[in-house]
Structures are given as C-alpha cells and as structure tokens.
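Letters A, B and C name the chains as they come in the text, with residue numbers starting at 1 for each one.
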C-alpha cells in the first residue's frame, strides 16, 4: 500500500517554502499585482534560501530535489503568490533542457553560475506563429562553419526581461519540420539579442514576460544542446518534467481560494447567520474541497511515478489539466462566495482567478493536454 | 568560545489544546512540534556570538523524546550549529524541567562548554527553571532575563543587560556560566534548503538517559483546565467618545472593580 | 506539626517588594502564621527586614555583606540553603520575580526538591501541597501536586494579595556569609537604568497596563497611550508591531517573545489581538479593547470593548479618568 505520509525531511522542505510564502511573498502579492512589479528583492531572497534552483543537482550547487519534493514546495509558494512562483518554475523550466541534454562540460559551465549567484534563465519555445504547435516555428538557425546564426522571434517568454541566459529552440532544417528543431543556449549579452517591453498580463503580474528578438545571433556549436534535430523531442521531454509542478502551482492557488472562501463564510452573516450555515455555500465549499484534494493527489501521484523513473506522461497531463481547471473553478466559486466583495480588487480572491487562468494555458494548453491524455489512454486499449 | 545551546521542542503556538475527559491530561499528540520561541532566539544568539568570535563552535543539546527532540536538533543544525547531542528520554512526554536539567548537565559535562545558552522559558510548561538548575549542577553562576549579550574579548567578560523589576541592569560576568536569554530577534535567520538537506544526514551524538534517580521531591500534574470560554467583549454603546469614556469608567469601577 | 516555611525576600526601592509580601501571605495561609520565617540578603538588610514584622512574620534571617547587593542568585541560593537546612524548613516560597524564579531553580536542584514556578494558588492537604499555575501562555491552567522532604515554590506576580500591614516586630538572626564558591562573587552589576515610563510602574509588576498597537499609526501618536497610562497610574506596553516599527523600545513589548504580564486591568488600544500578543496578556484579570475594527480578534478575548476611533476615544477616556480620580 502506498504511504501518504511525508518524511521529516519533506516536512522541513515544505515548512521552509510555507514560511517563505507567508512571510516574504504573500505580504507583497497584492501590491506587485496591482502595479505589475517584478519583486527582484524577493527572488533574491528565494535564491539565498536555495528556493530557486530546485531541480539542479547538488554537484553543481543546486538543491537537487526530486519532483515530488519540488511539487511540495511549489504548492506552498503558489499559495503565497502564483505570479512569483511562476518566476521560480520558469527558471527551473529553462534549466531543465540543460540537465536533460547538456554534456558534462556544458552542465558544469552553465549550471554552476546559476547556483553561485542570483541569475535567471528563460525557456524560449513559443512563437507568434504557434505555442501549441512548436513544430511550426519560424525561428531559424543557419549553420555557418562551426557556428549557428539564429534569427526569429519568441513571445510570452517568462523571465525574459531579467534573464541572463535563454534556452532557445530554433530550426536548423525547416524541410524536416519539427524534426529540424534544435536547442541552443544564448546569453543575453550576445549581439543581436533584444528583449521587448514587459507584457501587460491578466494575472501573474509579479512575473514578467516579454518578446525576444534574435537578429542574426551567432551561437557557437558548444552552445548547442544535444544533436541537431533533437530539439523538439528535448522540448517535449522537458515539459514531461515540468508539467507536474504546474499541477502543484495550480493546487496552491486553489487551496488559497478555498481557505479564503471558507474563513470568510464563517465570519460573514446574512439572514441572521454565518453564510457557512447556508446550504448553497456549503455545497460550493464541498465542491471546492473535492477539487483541491483531487488536484493535490493527482499531482502527488504523477510526481511519485516520475521520481521512480517512469515517463508519467498520462498522469502528469491529467494532473496539470485537472489541477489548472480546478484552480480556475475554485477561484471562481471563491469570488462567488464573497459576493460583491469578491468582485472588488481590494479583496484577495479576484487575483486568484486571474492567476488560475494562466495555468490552463501555459506549459501546454489544456486542449493539448486532453489530446495527449486521449492518445496515451488509447495506447492502453490498442 | 565553546558555546552550548539547549533546545526544547514544544507544540506549535497555534495548536488547539484539548483536555482529556477526566481532566487529568492535556492531549498534545499528533501535533506539530517546533523550537520554543526563546530557544529559537538562543540558537540565533549562539550563532551570532560564534560569528563574532573567530574559532568558536556551537553545540546544540536537547533532552527529550523521539522524534521531536531529534527534529529540534536537526532544525538547529540546519540553522548553523556545528554539533548536536541528544539525551533520549522515553517517548510520548517531555521530561519535567529538573529531570531535563539533569540529563542536559550529564551531556554538557562531557563536552567543552564555556557558555551555555538557554531560552528564558519554554512555551508549554513555562517553568523557566532549566537554566538555573543546569547552572547549579554544573557548579557555575547563571544569569537570567538577559538581553543584548556580547563577548568582550579584551576584558574576557560577557557583557549584557538584564530586564528585571528594578529596570534594565547592566552586567559583566566571566565564563563559564549559564545564560537564560530573554532576547527575541525580530528577524532570526531561516535555515536554507541545502542546510536543511545536509542536516538530515548530520551525525547526532547520543548520551544515555539514566533512569531518573528517585528524587527526594516529586511533582506531577493532576488536572488541566481550560479557561472558561471567553464569550467575547461586552461592547459599550455610545454616541460620543465622551459617553464611551464615561460608561467604561463606570463599568470598571462598579462591575469589574478594577478602577484605581 | 508543620515544619517551618522560609520566605525569601527581595527589595524594591529599598523596602520589601510587593512580591515578597505576597509570598508571606501565601506562606501564612499554607503553613500557619507562626511557622513562617523570613530571609533577606543585602548590604544592609536589617532595616528593610523590619517589613517582615509588619506582615506578621516574627522571625527572619538576615545575611549581611556589602557584596550582596548586586550578587547573582547563585550566591543567595547558597545562603538560603544553609539557612533553610539549619531551620529544618521543608518549604521555601519566593515571590513572583526574576530573582524568585532563579532562586527556586537553584535551590530546588540542590535539594532535589519538588519545584513549581509561576504559581497562582497554593493549598495544603496533609503532606501534599497543591499548586495551580498557568501553562501554554496562559491558555490552560494546571494543578500540580508536590510532595517530598523539600518543596520550593516561586509565585506568579500579583496572584495573591499582600497581607494587611500592622505594627509588629521581627526577631532577626544573622547568617554567616561563607562557603560561597569564589567564582559566584565575580559577576558584577555595573548599574541599573530605571526604565523611563512616565509616572507608571514597571511592566511586569504593574497592576494596570495600557498597551498600544499598530492602530496608533505613528510614533508621535503614542503619547495618547502615555497620557492615558499616566492618568491611571499604569504602565505602558506595546504590541510587537509597535516595537518592530521602532516607536517604542523592545522592552515595552507584551507578547509571546516579549513580556508576559498578568495585571488586574489591561487596556489594549489599536491592537488587533494576534495570538503572539494574546499569549503575553491573556491571563490579565480584566481586558478592555479599543479598536475601530469590530472583527478584530481582540474583541473575542476582551471583557469590555469599545468599537471606535481611538484618536477620539482615548483622549476622552483620559479626561474622564482624571475627573473620576479628582486630578
């Protein structure tokens, strides 16, 4: 039988993330959301405590946590602020291809600086031409001797305005379509790299995203990750790893929404009693609680499988898809529980809905997740 | 300087207290244990002194049951303590303060100790006697209610203040001694993730807990009571601040009988 | 036949402290007036020791030595132990104070005694003593039985009343100041700063406390708290938010990591009532809360509350208090 209890080590990790979320992140979440501020001082503190490079192995100076432990922490951080947590996991997302496909020399050269000093990285896959259809990308990498010359545009890239390193996917042979996609690491300082202004987003406003332009950016072969043409598969393998923590992030947002709604319902009185005693609210809260519990357990199970070396594509897609939909629904019902007050920016719940929405879109839109789930599922019946 | 800091794990401050139906015991099982508030400050003080005095080491000690005492030690190691020693006592209940002091003294007398730091009292039984008892057993003076502790290497003296009924006393004292710290840090350090992971694997020395010698005096709790639930404030109705003031003074005089 | 009970005294501003008198009262009720013996150590203890007589204590030990003013508790514990042994005392009671707790810790250990501190009530049934004391930050009260050849008790401040004073003599016996380990004499008290607090008494000693919290909004507004406290003859306290903000020094802080107080009357102004603060004052006898937020948790634990603007209510209250006290 599986054991659902946490080890003392896991409790310590979770407590660390919880403390950071409640004392450092949450007090500033509303203000950063209101004015769309990237709180670098909070991210630096996260770095100091070892919360930034969760997936980087200890030999390079990272925390080297398994996926389950990462998810435990990501949920706690997201409870504090979804946007700030996105900054952290977008960084982990960028680092992941280096872990999966980097040579020992590349890992040493690229990962150590991130663990030694506060730096952010960005994962640059999405283009205006398609996010769900990365095979159609238009960013090209023209081979010139031992170098590649990259040109193109990537959009909605998290951490782009602050990142010192980009992991860029470009096509070295468009005739092969997605089989021509290749992964590169591009330092911000490289000639031809420009980052556009911060996007004005609906939510996750403490995280910054922007468009990156690459104008004939010269990249040496030593900065290519994996062989030519393996980029698409690398991107997919990367997302296989990072999909589950999104489930955890969504669960954190959902839990926060549930907590707000439940405690409000005990204090707010209408018709002579706390609204928690009205059946309409009780049913809402019950539905919300079911969704939160299920989201967490699906996420835990997917993470547990992946930590055991399984691919876990089906389970991680289910976790991400379910948890993000759940976060949106729970946040929606939380606003409804607050009634008119829930609609006011002054109260914390409407932000949760705006933050939940993105979890249904990024790191693999839920439509794509469903297609993946169906495909994986039907495999078992074929 | 060889600094020893004593820590006691206590139920988290937010724990709901429940009294057993027969009223004789407090139900504190299945509850989260943390370093008691003043001990957290003592660890922070120990680490600050270590950082200010090159060549110093901090050795954290706890006398208590598994797993909470071990967790308290690992949490202290994660904060930066160098060594840890555990006097393991029977599971389920924390030892009473004097037994704990005896166990701690046994452990401390086997390790180098110039300064022994304790918190002023623990958040559960609040006896506040361990520091004094420990000092008596170690044969050294103890200083309580201490704030603003510093080591003056030039004069080889500890310098500190004590917050007493007389006011703020300024003191200087030599080592060795035991200090019960009243200091609360506004921003004690947080253990970093790599340190937390490392502390899980750190060795913890163990000292056998001898069966408690039949003490001349025994004490045991026989009853626990929770205060009658406070039903909430009687709100004073008023139209003007002056009316509020008049009504409050009247009720304090006549009903509560606490007006000076 | 009850054996002698020793009450160890301490001085406050040159005379026996209130905590000592409270200890005498408890000792008398538990052991019978005739069995209570006092103890006082100091550079000139004889004069102040007369205070024992006025409390109905007929005999007292005095330890006299210039070094005893500003000596550590370890020194006094040593001398008390000798005196108690020579007296055949089984019970030592000390008043609620920093010194009292220290003394009981050392003495109790030396004697292998049954020990209880922070005691709010003490009763005797035959050979067993029963002590009640608050635990868990005042959120529960435990009753503890103490048995044995020796029992050492430190009281909680203000838990009992001092005995009514009347003229009476006390026979003083000098105890030799010797046998104290040399190292115990070395720690030195360099001075005492009486904490500036207007007209009011020290925080842990005070029977009335007025505390200000974040609702006071700025350092310069804190004078409203000072003025109300002065009108009541009260001590001034502060919540952690106030000391964190630097509006008042840390020693004003009432709370889990500040001072735990148990006054007769605690007035919380602009304090929301976070658990950290409650743990410092929940055992106050009467709690009054003044806050503009009707949902503030403090109103759940207060006995009386005023939901209003403190900037109007507090000055009005100060005026009314002055009028009521004929100032």
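As a working rule, a residue touches a chain if its C-beta (ideal position, glycine included) is under 8 Å from a C-beta of that chain, and two chains touch if they have at least 3 such contacts.
Please read all numbers here as calculations on a predicted model, not as lab measurements.
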- [ ] Tell me, please, which two chains come out on top when C-beta pairs in contact are counted per chain pair.
- [x] B-C
Open item on the list: Suppose every chain is reduced to the average of its Cα atoms; which one is closest to the average of all protein Cα atoms?
Closed with: B
Task: Whole-Å separation of chain centres (CA-atom averages), chain B against chain C - done: 19
- [ ] Determine the centre-to-centre distance between chain A and chain C, using the mean Cα coordinates as centres, and give it in whole Å.
- [x] 56
TODO: Just give me the whole-number Å value for how far the CA centre of chain A lies from that of chain B.
DONE: 41
Task: Where chain A touches two or more other chains at once, by residue number - done: none
Task: List of chain B residues in touch with chain C within their complex - done: 11, 13-14, 17, 19, 26, 37-38, 41, 97-98, 101, 123-133, 135-137, 139-145, 147, 162-174, 177, 184, 186, 215-227, 230, 232-236, 238, 240-242, 244-246, 248-249, 251-253, 256, 258-260
Task: chain C residues touching chain B - in the complex, by the definition given at the top - done: 12, 17, 19, 72-74, 77, 97-99, 101-106, 108-118, 130, 133-151, 181, 183-184, 186-195, 202, 204-205, 207-208, 232-234, 244, 250-251, 253, 256-260, 264-265, 275-276, 279, 282, 285-289, 299-309, 312-313, 315-317, 319-321, 324-325
TODO: Going by the contact rule at the top, pick out the chain B residues touching chain A in the complex.
DONE: 67, 71, 74-75, 78, 190-197, 200
Task: Residue ranges of chain A touching chain B (in the complex, touch as defined) - done: 8-9, 12-13, 16, 19-20, 48-51, 54, 58, 63-64
